[in-house]
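Below you'll find the structure, written out as structure tokens, and then a few comments.
Chain nomenclature is as follows: A, B, C, D, E and F, assigned in order of appearance, with residue numbering initiated at 1 for each chain independently.
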């Protein structure tokens, strides 16, 4: 979306949480095109602020800090929290308490739209021989996935009860390039990721929407047909990387769960408590 | 579909109703390629007849005139009637009595195929956050939409009872160019409209088919997958016009029905009786 | 529903249209238990008024008369109009214009609930070897059925647009007793019919509901599961009448449409115009 | 299920959490028939132990205590936690951390079956004019409902990952008698509740099952057809109590959310943090 | 269905194959009420003929013999063939070649209706935690089940191509009484079996119907809702036999396939060739 | 998939049955890229062996020969058998006994993956006005189609019971070019056919998959969305051939079954026994 240099930007102030993570760093620049002010936060120091930026170091489990963080923003891209499997107590603070804190702060400050980084791991225990649409049942593949289910349920509640809209992005594997054979299916290029966030922010009404974050890869486990109203059209594909992970004869044993389920290695993890309490 | 200049044309005589309207004017020329004789009618004077044309001025609510109009035709493209919201009594005459008159005349004259201009307003009270397939329930957004539901039901009856085939085109917004942000979703280019009529006329069997008349726009509320047997492949898109209607922050109030439902401003209309009787 | 003799009745004033018809006569007495005043209307003289009744002779196609008829009522049971196949012009006046007149009058007078006598003939072209739920597609078996589809579409519009609730009763065959083998499947006893109207009037919210009006017969073409919120539990069955229509070997030719489709003999009718105009 | 007095009971040791609550008190006696030893726990003092009982006072958010509580049990009926809307921090401890602690303890101790008291409030934002089956999407009506969604997601994970089976009981309103008009739809008699727990414990395989806990009431929002393998057949009904809550004319305003959604008054609640932290 | 002693019976001649088997013996008497002449056949000597009977000893794989067997019959109840798992070559002759022979003979002799003994083993590899309707996908649990799938496919073809109607009875476990815990779910009493055959023979049109043959047992894996047009209402239940197979704690290992799948022990069988050829 | 000349090929030994048929000849060359050794068999002499090939002449109904044929292979592409309508006895030997022999041999030799040439004729009695997904019900249009249904059922069993994976290719019309108007819909180019086999062999897990073998033609009766995990993306289309079969007015009589059903002329065939036995 090109923008005339002097035109007012569509948003006054956007908040990006998790700005220091892999995807946050990709998105941070793009947001400059869409908002006069971009407030970026992270649990670690989010780096130097650009001219149009406000930076905040915030632990999302700190309710008071989150309340301040959200003040004055028009919409939120919520990438914050833990994005890999982790001890339950850590996930509880970052992904459950943290997400609740963010939604409550958003409600109290009148924020109308949140783009929520959910994950394909909310459905990771579906077999690799199925294709899921956006109504597929939750089948989380890890405690991490369970906490992302929580975020989807919580945001559904805030929409039904308060009209706060959320787009849940069930992000596949968003990296510079696919790193293994599984990612030939789950790859989401950075460019497509940014486009998906753009669609999620700018579509006039989204209600409570669910969409898989995936590029136009040759093989697919996910069908975004029911989210067609978002207008997301991926432009990239994993196809150029296919030769790096040459196909082999299907001799793997059927009992290897990481090969059988969409979640891949996540399905092999075991719950960890975290620090004793 | 190129056509050898001396080849016999596929249809002997095609009837086009509503030839004087916006879409009728677009289609009129194209029909010359498909039929030896094109009979064009309108409630107003349909203009000068080309060499291959027969012109008729007919009020569709006039049963006798419609019976004569249909005589000798092989198939009908029925664009006639009222295509905007209007007083009920007017809709009753044009869209209910008129459509009945046309189908009865077609039955009596042995016409086997009708392409019926239905409308996206038969489903206009579905929310903009849903994607409808061609089995979606009727949720008309206006009295106009209700009369188009009538046409779909009536044509279903004529197919089940008499084997007369109909393709119901649930036309989106067919204009030279999209005129507002909603039309970025509902746009149907003239070229795609003509192609859709072509598919509807030439597919060997159509039964009673329903298809959304829409180009290949980035965002979509409609899925034509179940009508794939028609072979309609849009070539145009609203994408080149997107910058005319720049996206804004989603600050519209949720209570604004014209933003919430696919029918757009139609959902705000109120029934009018028309002339007292 | 027993009612203490001195208790206020739930409705102040109920309107019953079509009071002179077969079902209207059955229902008229029952309404006395539910409303202080029952206004009964028919196109013919509706007979002497009981103490709690107001009688009106009204042609539903007369807009002014209908507007007066509806004034002051809390809810409507709309059995009026033509309930068999008939010339189109008659159906147009009674079932299309008449139903529109009633809904517009109801809207203007603030009526919040209408129980609408639809018909199984809106789906009569489904085969007898299928079981329909309340989302089944319209497949009318006659012009009469088409006009009942119109009523269902119109009432859907009035609900979506104005919040006026309707329960569409797709009535089977409601008589004292089943009269032929088909009615062993479609039978609706008078007692169950009255119960179904009671549920339709008293369920707290009904939205725009569709329910098949049928008793608990051994064989069934219709499944009311999705209308379970109405609480309709039939108490009668066609089983006691089964011996009157002894089963025969299935030697009927497959080509006999009246045996193949749920609508029975209706599917054999042909459109009639009615008086020329 | 009668049981010969000298026969060995099917379970060696059953654990009942939340034994001091309304439903826990009902179930406590019944469990004596099914297990040699019944271990009962509650956050308050669970009262005197019967001969076959072991009593424990345990706060479910105390991981170490829960680990001890679960040791040696064959199956668990998990009614513990908070069963009404409450401040988020309280729900977090009791329903999120507490449920996690219980499942982890069960996994470590090899427990194979848990009957989990979920709630109809996981789907409470579905309208009262819909009938849900057991695949209906989560639409929680409160923070309480969100925490029950968490329990359903968590237990799905433990089944997919570790083969631990859970039956999620989406309990309606289980009291001595219905207390208001809504409960005529949601009523679950104590006898039917106990039978449902029995089916959940004794069906040979349950996988991860979802079932609505509701008696055979006249009106229904829930369809247990897909859980038919559990063999639950309710014997009670709210019908005998219908006259206590006489039907009224449907004059309630459509905007009253507590009348519009299945969750009733829950949908009107607002999130509370609980004690500041 | 009582029958006046002097009334003509509905069928002139019915053919029962497999008359010597368990279910054939049950049905043989009942057929006397429905047909003037009952032709009974079996691969073994079918015993003495009653006054109204014709007996034939026929191997269904003998095409010429089958052609003679079918001559002059109005309808067929086809219980013949092998009804347990068996060597493939035997199944091929009896269930594949035999069923083809029967259908071809029926087509050539103008038979319009066949009641075909299919089996729950066509879907036996669906898990015991699912409830199947009559559209469930074939998942045969044995070579026997595969040959029953063949019969269902073949009969579908004969209906679509020639209009010959078939009711496929997916029979559960039809014995005097349930013999084990699995049969508490799959039990079909002899009385209900006979009633199901009666419905299958006498329903006016059946098309190509599929119905599960099962009594009204407490727990159920099968839902006959879509076959409601047959009017089959079971009167018996396995409930009286429940105490013979007392429930136990669900301690069976999840890996025991016979406990996991509806087909029970059938799923453990291994293909056998039969006699070498 | 380009392959470094010195790299080990993914498969050690692939077996291709039906190598002498139309599609077998196309595929034979391609297999050289995927396997060190390609064993090719046919009922006729399969021609001279290339350096990497082993050739076998085998009648698939010969169990012993098939057992030897399968020894030592890693995966099988099973194009063998009869691929047109034929006398039943021939189909029985080639497609039923032959397919069983192949699967049993594969099981005994530990083969893990079979690509099975099924056919669009397993669903050929679906009307041309419907679009089928890969879950569409079997509606075979010929005895040939019935035997392909058998192969799909049999392979489902071998997957559910033994974990042997199969991809069933429901091949449309695979020729050099479309030969008639129907093939504009059903055309599968040789290049796309080979690509589909490649996807079927190399996708890591396929379970028991069904996919329509069709190019990206303008009109479509089949939707491969649910098989998206295979990564099959057709590159060819029938569009360039459309002008050879010019569209005509839809004047064909509705009663012509070959025009009404997807199977085309197959639906007009009649069963033949084959040689008497």
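Operating definition for what follows: a contact is a pair of C-beta atoms (placed from the backbone, for glycine too) under 8 Å apart; a residue touches a chain by one contact, two chains touch by 3 or more.
Values in this document were obtained by computation on a predicted structure and should not be read as measured data.
For the pair subunit D and subunit E, chains touching both partners: C. Of the chain pairs D-E, A-D or B-C, the one whose interface repeats that of A-F, sharing more than half of its contact pairs by residue number, is D-E. The geometric centre of subunit B is 53 Å away from that of subunit D, both derived from CA atoms. Averaging C-alpha coordinates per chain places the centre of subunit E 32 Å away from that of subunit F.
If each chain is reduced to the centroid of its CA atoms, subunit B and subunit F end up 41 Å from each other. Listed for subunit A are residues 225, each touching two or more other chains. Chain pairs recorded as touching, per the definition above, are A-B, A-D, A-F, B-C, B-F, C-D, C-E, D-E, E-F.
The part of subunit A that touches subunit F in the complex is made up of residues 127-131, 181, 185, 217-221, 223, 225, 242-243, 246-252, 254, 259-260. Interface of subunit D with subunit A (complex): residues 63, 88, 92, 96-97, 100, 104, 107, 125, 135, 137-143, 145-146, 149-150, 152-154, 156-157, 160-161, 267, 271, 273, 276-277. The part of subunit B that touches subunit F in the complex is made up of residues 1-2, 7, 10-12, 74-75, 112-113, 163, 165, 199, 201-207, 209, 225-231, 233.
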